[in-house]
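Let me begin by presenting the structure, written as structure tokens, before commenting on it.
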Amino acid sequence: MAETWLASLRTATPQEGFELAAKLARVGVKVTQPSAEVRDKLRAAYDHDTTQLIASSQVIAIHFQTVAAANNYWRD
Amino acid sequence: MAETWLASLRTATPQEGFELAAKLARVGVKVTQPSAEVRDKLRAAYDHDTTQLIASSQVIAIHFQTVAAANNYWRD
Amino acid sequence: MAETWLASLRTATPQEGFELAAKLARVGVKVTQPSAEVRDKLRAAYDHDTTQLIASSQVIAIHFQTVAAANNYWRD
Amino acid sequence: MAETWLASLRTATPQEGFELAAKLARVGVKVTQPSAEVRDKLRAAYDHDTTQLIASSQVIAIHFQTVAAANNYWRD
Amino acid sequence: MAETWLASLRTATPQEGFELAAKLARVGVKVTQPSAEVRDKLRAAYDHDTTQLIASSQVIAIHFQTVAAANNYWRD
Amino acid sequence: MAETWLASLRTATPQEGFELAAKLARVGVKVTQPSAEVRDKLRAAYDHDTTQLIASSQVIAIHFQTVAAANNYWRD
């Protein structure tokens, strides 16, 4: 991952902040399993498993806390 | 998700803040499994499984932390 | 849930704050599984399962963080 | 739980704060399963199950965050 | 645990803070299962189970948040 | 772990902060299972298990909260 994929935590809107949180959750999987081929195979399994969908939603929630704080909750 | 579904984290009351947190939890599942048809099928399974109900409640709790902080705990 | 069930996060004491946190955890389950009948049936299972009891305790802990912060840790 | 069991989140030392966090984790289980008899039976199972011991340790960790913040990290 | 094992959350460096977080995670298990003999037997199981290793790492992460905040992120 | 592996939580960019969070998650596993040989064997299992990949992503998310706060969200 030599290229820049995370230049800033600032986003224009809360919705874009949520999308950034979802991206961070995906990258967290990617750093542990770098093979795109393996991830694609695995995807077929987990996106039909509600336990894992909820777990994914939880990781997004944790990252959204960070992104929201970084943006001062878009109150500025 | 081109339309705006999250314009602000501000809500008038804590209760509306809790409802927003529940919405964020649902959207977190949606971004991982975008097919409404698949989600509907899965729903039949998970809403009778207490482990998953508790896990869902946990994701809501995490988002509620964010929403509550964004609203300065409705103290203003 | 048209009636008001969460008017404020302020409580007089930490103990009442803990009780509010427990309530928020229960409501989090309720918004996912709105049927009281189904929840009652499920309850028989989960309150004898230590894994789920600990998970419930964790959801309460997360909400207690929020309620405690909202009350400035009852230091005022 | 009519009696007062949580009068304050302040403790004299970090160690007492950790003990309070452990107590809050236990009470979180208690509010979900109020029967002491049932909890005693269940205890025999979970305290030999490392998954559940780690999960218990996690709930304590979450409460310790709250207690530590309430005490301003014992820096005063 | 009558002796003092946690006199302060302050550490000289982030690395020592991480070690303290790992210690807090271990103590969290200890307060739930006080028998060293039982814990040693259990250890043989869990340290070869990646799910539990990751869960242990998560508890350390939660405590490290607390320790890092207590040290003002070692910025002083 | 006598050598210094964590001199500071400051990083130049959010992306380097994310990489540091991933490192902290790995070290959290290492302190529980110090044998590199055992960890290598275990790795073959967990990096094909989506549940564990998501759990790893969650630990990274928790550490990223700490690192982001330590860097004042790279707003300075």
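Chains: A, B, C, D, E and F, in written order; residue numbering restarts at 1 for each.
Following the convention adopted for this analysis, a contact is a pair of C-beta atoms (placed from the backbone, for glycine too) under 8 Å apart; a residue touches a chain by one contact, two chains touch by 3 or more.
Note that the coordinates shown come from a computational prediction; the quantities given were computed from them, not determined experimentally.
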How short can a path of touching chains from chain A to chain E be, counted in steps? 2
Size of the rotation, in steps of 5 degrees, that lays the CA trace of chain B over chain F: 120
Residue numbers at the chain B-chain C contact, same meaning over half shared and different meaning under half, come out as different
What is the distance in Å between the mean C-alpha positions of chain A and chain C? 27
Mind checking the centre-to-centre distance between chain A and chain B? Centres are C-alpha means, answer in whole Å. 16
Where the centres are mean C-alpha positions, what is the separation of chain C from chain F, in Å? 31
Two or more other chains touching the same residue: where does that happen in chain F? 51, 55-56, 58, 62, 65, 69
Graph of touching chains, which shape: line, ring, star, complete, other? ring
Residues on chain F engaged by chain A in the complex (per definition of touch): 13-15, 18-19, 22, 47-48, 50-51, 53-58, 60-62, 64-65, 68-69, 73-75
Using the touch definition up top, name the residues of chain D that touch chain C in the complex. 4-10, 24-25, 27-29, 31-33, 38, 42-43, 45-46, 49, 51-52, 55-56, 58-59, 62-63, 65-66, 69-70
